[in-house]
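Mind looking over this structure? Questions follow.
Which chain is which? They are A, B and C, in the order written, and residues in each are numbered from 1.
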């Protein structure tokens, strides 16, 4: 393993993004130049829900990750537009076979208490992240690393993880297989470093104000559960000179209507989302604040393939999939610029999405075909299909389920019962595959690569709630994950998607967008497909 | 009465135990577990998690462990807020809820009793109709309509008060939530007061007092108010429960970090320990409060005897 | 007149029909109560037969008329919601559910609450202690928790909503009745009846319960709106009736989220809801005045 020779050397320049360098603001906001900075550099985010934890290895869910990006910096980081750039490592080398990475850490990088950030810190942290005792929910993010899966399962000691320090500032990571998206995984919270002495000293209470030593642009000042998280500038951050925002506040905002009010009352600079039903009103009344951009996710309805009526009846599934007018769903029901989906994988890097052939048809043609297939499956007006849509309690899901039930009733005469369950019960019911006939679901990619979508419908995948099992699909996926050639790999994954849209164990509905409100004087906000943002790239203009 | 109070307090222990057991077993029977997520965990990792929180033990052992912890004022670790213990969470949430609920109750009693008495004294006059119409409006409008309406007017359009959150903890942040929470209670209490006050004013001893030519003001304050408050005191128990329930919605809408919010989040996320903690805490609170209500009852109505 | 004679007279009155005849006479004179009663009647008829006269069904989605305001041309008298469903029909359907839930749950709470509270209060002592301890235990279960669990275990249906709400509401009823009984049982006429050897349950039925009616009538008027509101509270948490069915609570909740963009979605159901609650309250007040035995 040591005899790898490194040819593919990637030199990455230091990020050019930062204070006042560039903004997308076309019109002047305030001050003499219109681009003058405000005196108070405080940024206030609506953050959706309360984070479960701020410990990067114990956190779960988006709210925690949002704050994590301000507190911590992985080996790699992301530019405002989402491209992977250098983070705590200023450069790296990848071996020919793509299975060994060498990272050269910034010698000037410091923890918030002034300690240098070393390769040993990363070794400690990656081991901690995988250690079963840490109780991380995201060990799968690190699965590409050699022995990571076995360590996470407790079969090997943590020292067997394929990570080692070559010297103070050089880190080597061995992978199981070529993983083209590996550098992107290193921006995930599961791969953040923690400060070893603090983590050792405080254990489960590492992530509290006063205990938390971090290496990102900010440090934790205050955390009142269900009220706010307050971060302040980390003076010891290596790129502190480029940071403009001094203070960042994160507020839990579960109720979107309430969040809208708080935004309008001037208590938030950026909202987490908008209430979808009011999107027209917002377009009219807050046009400058509304920002909509594509998001890496697909909204879909899944069929339970383990029982009738959807078991062994591809015609029926296709009929239902075609009878849904996606333009009405995205244009009238969700209404925030979502893209109608006829395929599974949303637009991701290095990949061409595959669609159902009917995507090119008009809706009338689709409905006609749906009627034909519906009859072919043995149903008619006298003998209608009776089925059930299961969704988890939430306003937008409810509206979509009602709309689709109504479409099926109007075009095919299907009798649909709509059933909502609270999230945990929904997960349980869906998992059991007994009561479930059709369920609503959505998938947000864990990283910007088609594989995070493709793997969902592998036989036996923990996320495959349809019971779909296709030998062809599984084979293509296996080949793709072992394939080193990027182009060939993309082709294999595209073939897999074609199998999927032929079998239709699910019916895709639309590709997600992020819609949020941003104050006009918040500079540096760049929408990106992962919806990852770092407060260090922001600034507040005089207003 | 002291002996009565002591006995009631001792008698509350089995109550509490039953409550504990009910809550403990019910939440564990509920479908869905604390570690269920969109992406199911690896079996090994889930087993680790269960072991770390002692969920792999037999139920009676878990229950015993929980009771043993309670004796030491330890509510256990929260499953959802993994950096905090339930005790800590209750200690951050309760003061906030108390401030919210307490202020709302005080406001409701003050305004409710005053308005109700005035309406009763001026029965079938304009003042009476005004109070009763206002109180009926208060009852007829759900607080999740009232709350956004208040926000819209006072925070968004007028900009006088914050729309939500705790801010820097200044009382300004509490004004709207307290009003939204108090309004329906003001309505209930004023109706109850009016009803019973009318009844008391018609009773023989008040008639006698009036016949003796005592001034009305004195009659009301000295003689009528105390018995007229009986139904209100009776209602205090349910009112506390209503305020607790109502504060769940209010805390959600205003983003106030109180116990109600912890409870809902806990229940939805199957945070067993947090839910148990809040249930037990509120259980103790309600038991204590009911005792106080009963004692107040005895004090107000000499006809009630406790043997 | 001495106390015993007073009590005897009261007993006669309660036993005879005159109480209810008198009450009816008093009630009829109360204009607000009469009007309220009529409005409630009209409302009941309207929600029952009204939907038959509308061209739309409650779950029909009019894709060409999403979120439109009230208009005669399209036939959507109250406008449509964001899914193009006719608000007029939905308001009436919602009324059916709300009234049904309100009445049924209140009835449940009345039956359990009065008998429970009167027995506990009258017998007092150990039985009272035990019975109130049970109420305490149920009380100390936070309402939400209780309902969420119920809904989760047995799925969601209307019958369950009655039972769940009735099961919670009766606690209040029992406590209030008990409190009132506690003070009633030491009153002269009750003591007198007892002294005359009237059986225990006869005393409860003839002397305690009728004297509770005033309080109970007031309380019922407070309970019906309360139950309707509780149902809407469940809707707020997504635990109310299942789509595409609806209730006033659910409609008001939906409307309040959009009170700025589509005010009619809040206005119509809210007006129906508020009117009904208002009328129940006025009617209850009138009934209290009419039924109060001390008023004559």
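Heads up, the rule we're going with is that a residue touches a chain if its C-beta (ideal position, glycine included) is under 8 Å from a C-beta of that chain, and two chains touch if they have at least 3 such contacts.
If you're wondering where the values come from, they're calculated on a predicted model, not measured in any experiment.
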When I count C-beta pairs in contact, which pair ends up with more: B-C or A-C? B-C
Hey, which chain is the most central one here, using CA centres? B
Taking each chain's centre as the mean position of its Cα atoms, how many Å separate chain A from chain B? 39
Suppose each chain is reduced to the average of its Cα coordinates; what separation in Å results between chain B and chain C? 21
When the centre of a chain is set as the mean of its C-alpha atoms, what distance in Å lies between chain A and chain C? 48
If a residue has to touch 2 or more other chains to count, which residues of chain B qualify? 30-31, 148, 152
Tell me, which residues of chain A touch at least two other chains? 257, 422, 425
Which positions in chain C are in touch with at least two other chains? 148, 152, 237, 257, 260
Quick check: in the complex, which residue numbers of chain A touch chain C? 257, 275, 277-278, 280-281, 328, 332-333, 393-395, 398-399, 401-403, 405-407, 409-410, 417-420, 422, 425
As the complex stands, chain C meets chain B at residues 124-125, 129, 133, 136-137, 139-145, 148-149, 152-153, 171-172, 175-176, 179-180, 182-183, 186-187, 214-215, 218, 222, 225-226, 229, 232-233, 236-237, 249, 252-253, 256-257, 259-260, 266, 270, 273-274, 277-278, 281-282, 285, 288, 292, 294-295
Spell out the residues on chain B that touch chain C in their complex, using ranges where they run on. 11-12, 14-16, 18-19, 22-23, 26-27, 29-31, 132, 136-137, 139-142, 144-145, 148-149, 152, 188, 191-192, 195, 199, 202-203, 230-231, 233-235, 237-238, 241, 244-245, 248-249, 263-264, 267, 275, 278-279, 282-284, 286-287, 290, 297, 301, 303-305, 307
So in the complex, which bits of chain C are touching chain A? 59-61, 63, 66-67, 82-84, 148, 152, 237-239, 242-244, 257-258, 260-261
Residue numbers on chain A that touch chain B, as the complex places them: 50, 52-55, 58, 60, 132-133, 135-137, 139-140, 152-154, 204-208, 224-228, 251-255, 257-258, 261-262, 264-267, 422-425, 427-429, 431, 462-463
